[in-house]
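What follows is a pair of complexes built around chain A, which joins chain B in one and chain C in the other.
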Partner chain A sequence: MKAPENWIDMSEHSHWPEWVYIGVVVALLVYVGAEAWNIERIVEHIPEDAELITVTAQQWFWSFEHEDGTKEIGELHLKQGVPYKFEITSKDVIHSFNIPDYLVLMDAVPGRINTIWFVPVDAGEYEMQCREYCGLLHYNMRAKLYVEKA
Partner chain B sequence: MVLELHKPRPIWVIMFSTHHTDIGLLYMITSIAFLFLGGTLALAIRAELFFPGAQIIADSMTFNRMFTVHGTTLIFLFILPFAAGVGNYLVPIMVRYKDMAYPKLNAIAFWMIPPAAALVWLGFADFTWYAYPPYSVISAPAPAADMWIFGLKILGVSSVLGAINFIVTILKCKHPDLPLSKLPLFVWSIFTSSLIILVAIPTFAAALLMLLTDRLGVSGFFNPAVGGDPIAYQHLFWFTFHPEVYVLVIPAIGMMYEIIPRFSRKPIFSHSSGVIAFVLLAIVSFASWAHHMYATGMTFTVKTVFMIGTLAAVPASAMHVFNFLATMWGGRIKFTAPMKWSVGGIALFFAAGAGGVVNSAMPLDFITHDTYWVVGHFHLFVMGTIAFGSIAFFYYLFPYITGRMYNEKLADIHFYLSFVGAVMVFFTQHVLGLYGMPRRVFDYPAIPEWIVMNQIATVGAMIMGASMAIFLYNMIYSSAKGKPANMDDPWGLGGKYYYPYQRKNPRH
Partner chain C sequence: MRAVCSLSLVLMILVILPTVNLAFGAEVGEYLDRRVEIWNLFFRMMVVAFTIGAVVSGTMIWLVIRFRESNPKATPTKYEGTGELDRYE
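Moving on, here comes the complex of A and B:
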């Protein structure tokens, strides 16, 4: 039986538009990938003088411990312009530590310590929240960040 | 083509049949029913989020259960069975065989779905559709979580049985005169997605068993309190479910490949590029799973590898879009319902893919991860592309199944409302994510931007809900009282040769 008529012969039309198009797509992807690689490399480099804050998540609140041993629950006071390094862990289930205004995001995984860093550049009051589903009060697992003027 | 409802038969004759078109019909009707059930949950979720504070849903636990069952239902009980249904209908016809390779196995695979669905719906678990431990091990309420695990286990087995059946039918039962490379692209889509299922699902099956024994307290694979690693589960889960994303989307693309050339009255621009793109997608789908886990504390190198793997899937998807556009280019396009839904689906597929590139770029992923951006992004795939493609195909098969024509005006209204609704919900959710709203929240602080965008999304969802009510009415009314369809050419496309599967099958 011969093939039905509407199966096309590949030699019928030219294919250069498809190759050009694929080329453009691949070029865009290479650009995006290279930029992402470069930025992430810079972003992940933690400054050596960063102050350490230990973040502990548990259902359903955040606790923070400063380098000098001061503890805070549900709120965090930082100084403007100082680099901070967070060591994040959890006591029960997976949470995700997030300061949306500063694009800080890192999972709090029980049994692991994840690190992330940032510099609060502007003084003011910011929201912190949990961004990984953690049960009943996940929606309300929020905390306040106060950045004090240097 | 063998038609099912054209000559009415008692329902039990269809239910106890092992013929591929009967099982295809059962699959499709079941899946459309679950589309409506899961969609209803979505409307309730959106209604709750219209204002900050608790309004419609009593407490956050109920809300959490609702979005869990919403996701589970629409992925496992709508999208997968719908593709299996269409595959059952068309694959044997397209490979010119009398039935599927194993008809009884086929019926068993279908009949595993109702008990699994009952487990998922009666349990109403709350740990989201990906059931991350340790929450799912130490915190999730008991009978519901275990019922969900068993339900998913059964659905996994059903998928694997279906996949084996499709692969054997395509490879071993196709007409000897029909070379593999000349099979219609829809058959290729079912073939590649079945191969992915076969490789991917066993991993999740294992993870589910480990989760269950962890919950029973006899093991501690994922429980850090006894030395387990919760991240291991995420690897196992996404090793299955990132490829599964392609299992969901590939058959929908295959359905569009059936519709677009016929309604453009032109042959497919490039059959081989479609085949190549399907095979490429199937391969690279296994190279990107950990892009769901950038924020779990992976090293820079691992993130880079998975970013490259993710970006590698884009050219193949882009080839499909090009193929569709090039097929439509210069064609005499007939914009009836199947074509409208397909073109709408392709537009949203393109948008979803563009958003996906943003997600995959490491630094940007930390902005979008687990926010409403992601919700908007994957809904553009599952609703915008897959459901749109499926609905297109449902309209396309409607006259062949029922012998009657659907109401084109109502189908028109259905499409325009759904498209506008989808744009309102899912594009807005992208922006909402950039404003930092986390997903899976029952309530949110009264930030003015968040309120406005949630309200736009809710109105969009309600528009979509209304359009689906029109769809339901159209299907029920038209299958009973619609105009009899012209079975040789229901849409008046005017070419005998646009329906290859209508060519007389000597075995039928």
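Moving on, here comes the complex of A and C:
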């Protein structure tokens, strides 16, 4: 049915508040994307003098190898204030290397080396764990991080 | 004036403080602490999330109050309450 001729014409009303509204929301969303991208870029930049630690995951324990060939199983000794670069891989299924107190989290994937870095700022003992369900004893796939005073 | 102050506050938290921190915060020989960067990002994202939430819900609340039938400033169309519009639904 056709609308009557005296139907109210809404095309004459002001549009500027709607554009301000859309502009504010779009600007904030663009900021969210740009800032997250920028911080990710900054955090992923590995210092050149970082010491290499090779991390190998397998059901259901962690093994670590230092640059000088020293190997550790189920525990890792690091020095306070030194940057460390972890090269993480897996021998069997997908695991995920996690140090909750330092916000370190990276998947350990068979046939692939993933890298992540951090500086242990405070001396002490910290937990390391698997954060990807990897089988029967996943819950117990833990290791100890010892940060020694510089 | 209040709107300008609020906008300035939001801009300061989101843009100016992180830029100043980036320019003067890091010294030679210091390494970035990922915990600081990631948690700061989280808090800035929370500021944005709550700002968007306030803008969207504030607009909806304003619409409901401003355009309610009982508002003295309401300018109803000549069809409201007559049942005439029912034919076009």
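One rule holds for everything that comes next: the second predicted complex is superposed on the first by the 125 of 150 C-alpha atoms of A that agree within 3 Å, B and C clash if a C-alpha of one lies under 4 Å from a C-alpha of the other, contacts with A are read in each partner's own complex, and residues count from 1 in each chain.
What we mean here is this: a contact is a pair of C-beta atoms (placed from the backbone, for glycine too) under 8 Å apart; a residue touches a chain by one contact, two chains touch by 3 or more.
Values in this document were obtained by computation on a predicted structure and should not be read as measured data.
**Q** Based on the superposed arrangement, let me know which partner A:V119 touches: chain B (first), chain C (second), both, or neither?
**A** It touches chain C, and chain B stays clear.
**Q** Could you look at A:Q129 and tell me whether it touches chain B, chain C, both or neither (first, second, both, neither)?
**A** first
**Q** Mind working out whether A:E35 is in touch with chain B, chain C, both or neither, as first, second, both or neither?
**A** Both chain B and chain C are touched by A:E35.
**Q** Is A:V25 touching anything from chain B or chain C once the two structures are fitted on A? First, second, both or neither.
**A** Both partners.
**Q** Quick check for you: in the superposed arrangement, does A:H138 touch first (chain B), second (chain C), both or neither?
**A** After superposing on A, A:H138 lies in contact with chain B but is clear of chain C.
**Q** Contacts for A:P47 in the overlay, against chain B (first) and chain C (second): which applies, first, second, both or neither?
**A** After superposing on A, A:P47 lies in contact with chain C but is clear of chain B.
**Q** In the superposed model, does chain B or chain C contact more residues of chain A?
**A** Counted on chain A, the partner with more touching residues turns out to be B.
**Q** After lining up the shared chain so the two structures overlap, which partner does A:K149 touch, if you call chain B first and chain C second: first, second, both or neither?
**A** So A:K149 meets neither chain B nor chain C here.
**Q** Which chain A residues contact chain B in one complex and chain C in the other?
**A** Touching chain B and chain C on chain A: residues 1, 3, 6, 8, 21, 25, 28-29, 32, 35-36, 39, 43, 103.
**Q** Note which residues of chain C are touching chain A in the complex, please.
**A** 14, 31-35, 37-41, 44-45, 48, 51-52, 55-56, 59, 77-78, 87-88
**Q** Which residues, counting only chain B, touch chain A once they are in their complex?
**A** Touching chain A from chain B are residues 60-61, 64, 126-128, 132, 134-135, 138-139, 175, 177-178, 182, 224-225, 229-231, 261, 267-273, 295-297, 300, 303-304, 307-308, 311, 314-315, 318-319, 322, 326, 357, 360-364, 366-367, 369-371, 435-436, 438-445, 497-498, 500, 503.
**Q** Touching chain C in the complex: which residues of chain A?
**A** 1, 3, 6, 8, 21, 24-25, 28-29, 31-32, 35-36, 39, 42-43, 45, 47, 81, 83, 102-104, 118-119, 121
**Q** Applying the document's contact rule, which stretches of chain A touch chain B when the two form their complex?
**A** 1, 3-8, 10, 13, 15, 17-18, 21-22, 25-26, 28-29, 32-33, 35-37, 39-41, 43-44, 59, 92-94, 96, 98, 100-101, 103, 105-107, 109-112, 114-115, 127, 129-140, 142
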